[in-house]
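We just call them A, B, C, D, E and F in the order they show up, numbering each chain from 1.
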Amino acid sequence: MVESGTTTWMLVSTAMVLLMTPGLALFYGGLVRAKSVLNTMMMSWGALGVGGVVWALLGYSLAFGDGGPLQPWLGGLQHLALRGLGLEAGAGGPFPDLLFWAFQGTFAIITAALISGAAVERMRFGAYLAFIALWTVVVYAPIAHWVWGGGWLSRLGALDFAGGTVVHINAGVAALVAALVVGPRRDYGRQAILPHNVPLVLLGAALLWFGWFGFNGGSALAADEGAALAFVNTMLAPMAAMLVWMLLDVRRTGKATAVGVATAVVVGLVAITPAAGFVSPLGALAIGAVAALPSHAFLAWRARSALDDSLDVFGTHGLGGLSGALLTGVFASEAWGGTPGLLEGNVLQLGVQALAALAALAYSGLASFLLLKLVGALVPLRADTQAEGLGLDVAEHGEEAYTTGEGAVLLLDGGDGKMAPEPKPARAVGGEAA
Amino acid sequence: MVESGTTTWMLVSTAMVLLMTPGLALFYGGLVRAKSVLNTMMMSWGALGVGGVVWALLGYSLAFGDGGPLQPWLGGLQHLALRGLGLEAGAGGPFPDLLFWAFQGTFAIITAALISGAAVERMRFGAYLAFIALWTVVVYAPIAHWVWGGGWLSRLGALDFAGGTVVHINAGVAALVAALVVGPRRDYGRQAILPHNVPLVLLGAALLWFGWFGFNGGSALAADEGAALAFVNTMLAPMAAMLVWMLLDVRRTGKATAVGVATAVVVGLVAITPAAGFVSPLGALAIGAVAALPSHAFLAWRARSALDDSLDVFGTHGLGGLSGALLTGVFASEAWGGTPGLLEGNVLQLGVQALAALAALAYSGLASFLLLKLVGALVPLRADTQAEGLGLDVAEHGEEAYTTGEGAVLLLDGGDGKMAPEPKPARAVGGEAA
Amino acid sequence: MVESGTTTWMLVSTAMVLLMTPGLALFYGGLVRAKSVLNTMMMSWGALGVGGVVWALLGYSLAFGDGGPLQPWLGGLQHLALRGLGLEAGAGGPFPDLLFWAFQGTFAIITAALISGAAVERMRFGAYLAFIALWTVVVYAPIAHWVWGGGWLSRLGALDFAGGTVVHINAGVAALVAALVVGPRRDYGRQAILPHNVPLVLLGAALLWFGWFGFNGGSALAADEGAALAFVNTMLAPMAAMLVWMLLDVRRTGKATAVGVATAVVVGLVAITPAAGFVSPLGALAIGAVAALPSHAFLAWRARSALDDSLDVFGTHGLGGLSGALLTGVFASEAWGGTPGLLEGNVLQLGVQALAALAALAYSGLASFLLLKLVGALVPLRADTQAEGLGLDVAEHGEEAYTTGEGAVLLLDGGDGKMAPEPKPARAVGGEAA
Amino acid sequence: MKLIVAIVRPEKLNDVLEALFRAEVRGLSISRVQGHGGELERVETYRGTTVKMALHEKVRLEIGVSDPFVEPTVNAILGAARTGEVGDGKIFVLPVEKVYRIRTGEEDEAAVTPVR
Amino acid sequence: MKLIVAIVRPEKLNDVLEALFRAEVRGLSISRVQGHGGELERVETYRGTTVKMALHEKVRLEIGVSDPFVEPTVNAILGAARTGEVGDGKIFVLPVEKVYRIRTGEEDEAAVTPVR
Amino acid sequence: MKLIVAIVRPEKLNDVLEALFRAEVRGLSISRVQGHGGELERVETYRGTTVKMALHEKVRLEIGVSDPFVEPTVNAILGAARTGEVGDGKIFVLPVEKVYRIRTGEEDEAAVTPVR
């Protein structure tokens, strides 16, 4: 039976999570140079198109279908092209089954989009789309199956409330691999590459935080105590992460930074994701605070290293996800809906958490590498030097983000070589035009 | 009886649809030149004020009141100035009647705002506000009545789930007429007029998509299977439209564009609007994909024609709405909550859909023309040449969107000619100021 | 018992109100000069961190705890650090108690953030954070207790549906005091200080309006008739305020302005806040319309005075809140869920409203003054002259909002004086890099 | 060698560019400037703050030409940038001592002769 | 005829404009530039990236004047733009061979004399 | 005294600045310009509107130097800004009649000699 309160919560949560991907586009877009902001944003928007359709046609079935004998590793094909997904209440809870597909789809989409931050300002758009299409099927769907689809990690008892492993460790590692395979930007390490629009970054962070309430709260699959707990924890962890990050910033440079605050909020959100419905609110504060430390240190190191994970996807999502997965094993509490964790005397859980994280790390790392190699064997992964210098907006999309139109000459042949006659401005009907 | 789950869904949906109008302001604002971005945004914001109040005073009653003998054509006057609208559950469903007014009001507002895209950068703000005030009463309310208020089109069995005809064909045609009556911008066809801020366009598209889940999902007037179906279809159709549009872009110029993606998403959303609760998810994918074709072709033609429908309101909303109305007649499915459509053997439905679309087209076209002529007879519709050159932001609103304040001299007389004495900066209480 | 519909509404409302603070960051950020936009935005974001954690540790308990003998004045300490807040339905209604904490927390946060508008472009960030941390405990929590926590104002029968007094009068007065204590910007009254990005202001206003539906609607603490009424009134009042403001603008300068529209919407929202669940929809229209008058006049006067309440926090929130509090006493209606007001013959209620407003005014004014003096005695409140000239973004945060990176030289020693060896760009794995 | 600096209306820029290209002038650089001249000041209002805007958007062209090109260049600009209303702008002709083409190191006339 | 190019602090621009108008200099164009001089460099940090910003925001004025106006113009700028701190900027006086008013085609002195 | 005006590629700016600093040239102002030269035009499309972009992003440097510094300055720019591809830009050397340092009122050579 479909229940109206729960259905409403899942409807709203799904819309909120969907909004995260355009939010990510703004977050990432603000962090790059003005000459590549559109390309960067298109990498997220493209995931909405490509990732969404792939999820409908194939991904969902592999993640949530019944895999039969393969069930520990992969789902079956019975939901190919949305087959068998109806409007009755399904396994997810007292809301239409198709809505569960949609909710999960928004997760698949943003996971793919997250990866793009490692390869901005140089990866070719077509190659990127091809990669994430394959990646959604080959990497995301299986790992989602392991944890949420009845696969081996769920049987093992790994705790991942809303996707710390499936989404964040997974995307973070894939991003790391992409940064290495695609290689650094030519200017990287030689010139300062600075965010062109920090207010856009803060706007993106705001939409991410807002959407994350749906991401974590909706993962309760009910409008109940569990949802409320996940919600409150999603509010507290980034607050704590922000405060700690500001202190670390002050210690390092004497100043708290806006980009730092936006980053910290994301790190806090990432870290609480696997734990949201399993730890107490004070646990959430602790997780947010602690998770800020490794990520802050890693980002400081990374920018001086040769590793051009340009928007620090690994440092924020990969490492934040790792911290979150382990801290879930520490703070999980029976009284708050979780298996007991380390603090409640269950050492084992921490091991299970580590194992799940390692499994995702290994599989995602290897499979992402192979997929990039595969795509790279068919089409070049990188834009050429000149395109990179000019900026990918013009080179890959034939557009500029910000233009006055000065010096732009109208081509009236639509680019196909045949010049149309110069159009005469339409006479206003009835002589309104002066 | 008011039911909490349903009421929540209608509350949230209404807020989401209301957010679409400021979202449209960003979408439209990014597409114009920097010198008219505020005027363009004000055309949407003005609709929130003028359209909303007109809807409260008169529009709603004409659309949803009981028209007595005129019922096929127009509602009655019993809800003038919100009279008779209370908090008990009403005809809309198990949620407060007044909330149905609000939900419908957000539709009336955005429909009026949509039109503005055809007349940006030249239409006078006062004339525009007068026009949309009249238009909401004379054009929008009757057509809404025909389709949703128990009028002749609803009796005929025309399918329009969330306003493909009432909102999009209607606004699209009115925009076409406005473009013709107001006449093209002086630079149109002579100079390249390019979007000044494409990230703003993408942000606007994101808010539109987000809000559209309330637009279509809320149109189920319940938090049930129908809402979930409408929701999922609202997710799928724009994804398909985006992919097809990117392919068409690549075929034409070799490159997928960001403005194209934003446009495609809107076209997909428009096209699925009449069908959202009546077709299967695969049907939604098909509708989104197919609807991209005519709109893409039309936009390419339009920009080289003499028709300065500046932001392509007709090409996206009019034509997208038309495609959607007809495709609803094709893909509507009994199993998914609709009357059977062409694919289920019901040829007639396609005819009914065409008739409804034509009726809206004809009435909106004619009535919008007459209203513009009427307003134009009382006040000039167009800003003068100098104002258009200077940009409507300064000319119509006395503001610039982006300014450093350099060369700005404070006037301390408030513009009324009497100079005030130069203010001495306040002494800080307690000497904090250095 | 936790009820799913109500819980969903409270979850969504809380997320919407939380989004208002980053929305405010955009609203305020657009209104300042480009050189201080990040600092301005950080003042709101900082409130999310500092205010949120302070609320968790101490503020909530003082506002909503049981004060025992002190109950008329202040709550108790039983909820220190979230103690005793669980997931069962609590005093708030049929939704988890912890969610009531979260909902109230979003109010505490935005109230603190609102104050910042009076002190932008000159107040030191650290001093500001210290001030709002103290202020949340010493000023906000007690006033919230008086009105909503069972304190003396609630016993007196003062009507404040969603925080006209607790949030807006309170923040407005504190802002006034902050403007006076911190002192005006050096350029104030000498040079024109203009908004650097008006579209950002409109975007911020959009997010504020959207979130305000949760602010007022959620304050019903139920998904019922009262929520719907509050919602509809939250839609109508700003519409009316916008129209009146545009007329006043036209009367003053001949032109309706975009900054004016954004301001008017906020004034309308502020004014309806105390009344939302107590007045009829027509009453809401009236309140929005009337409240525009004093605020419009005050803003015109303020900018020519020596009072550098830079973003007019007092004029919009303080005065708007005052108008709203009094007009609630006028329009409150028994039929619409309120105590009868002046129009229903109850003169007394107006007196009670005035008293409550005065109490908040006096206490907040005095306590805010003392707190600023206290903080100012420990650390300087103001940035020095040079920092103010340079802009607080660089001076306080070491960042620029908009930069091309030209002339920026990479420091590879992380600012600690030891130069790292120049990094060699990583060799691409597998030779993808050209 | 001369450097021609011209201030023109932004809305006339495309016409000026076309006229220059027609006059075979193919090397130039432009930038946005704000100018003050005889133009009417405009009043703007932001909340309570009313200001008089003393500066207007203009475009500045900078064109290095060899001596025989000075006259055609000036004439092209004069012809294409004129509206007859106050605010059309100015042209300044400055002497230049030396010009270099960075790509080749070529000097003077050779430096401004377009390559084909 | 001379072209006076001045680089000043942005926060001093309005004072400079006022001084120029008082000196009856009414035609000029300004633009935003970034300058390097003796100013202290500032350090900025974006996540892990720390940079030294070698350029500072300045405003560039360009003023075509007839010879008798050179001195008053220079003095007006010197007076109004000075703070005494490093970074106040520079003034360059360049020779001009020819000036045209685009609106009328007037030349030289006539081209820079304001119309009334 | 000379004023050296150079148009260079934005991506070469940092190299140019470094070369200038190494040549002991420490005073300069830069601004963003858009240039037209022999560069290939690029085509952009916005919905149905296809345009040819005739202008390319460049950076303009303006450097006032005393006569002995002209050559080192020009050489520094020539060396650091060159890629060999069309579009590298130009250098113009203009005569200057007078230079003032606003902070001190110093003139000419003294005005451009960095303080220590």
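Operating definition for what follows: a residue touches a chain if its C-beta (ideal position, glycine included) is under 8 Å from a C-beta of that chain, and two chains touch if they have at least 3 such contacts.
Note that the structure is predicted; figures quoted are calculated from it, not measured.
Think of each touching pair as a link: the shortest run of links from subunit C to subunit F has 1 of them. Fewest steps needed to get from subunit A to subunit E, stepping only to touching chains, is 1.
Averaged C-alpha coordinates give centres for subunit C and subunit D that are 49 Å from one another. Measuring from the averaged C-alpha position of subunit B to that of subunit C gives a distance of 30 Å. Across the assembly, subunit E contributes residues 14, 17, 30-32, 34, 36, 43-46, 48-51, 54-55, 94-95 that each touch 2 or more other chains. With touch defined as above, residues shared between interfaces to two or more other chains in subunit C number as follows: 3-6, 8, 12, 191-195, 197, 203, 252-253, 255, 257, 259, 300, 304, 398-400, 404-410, 414-415. Contact topology of the protein chains: fully connected, every pair of chains touching. Put simply, subunit F touches subunit A in their complex at residues 11, 14, 34, 36, 42-46, 48-55.
Looking at the complex, you find that subunit F touches subunit E at residues 3, 17, 26-31, 62, 64, 94-103, 105, 111-112, 114-115. Only residues 404, 406-409 of subunit C touch subunit F when the two sit together in their complex.
Those residues of subunit E that touch subunit B in the complex are listed here as 10, 13-14, 17, 30, 32, 59.
By the touch rule above, subunit E contacts subunit F in their complex via residues 2, 5-8, 31-38, 54-55, 58, 60, 74, 77-78, 81-95.
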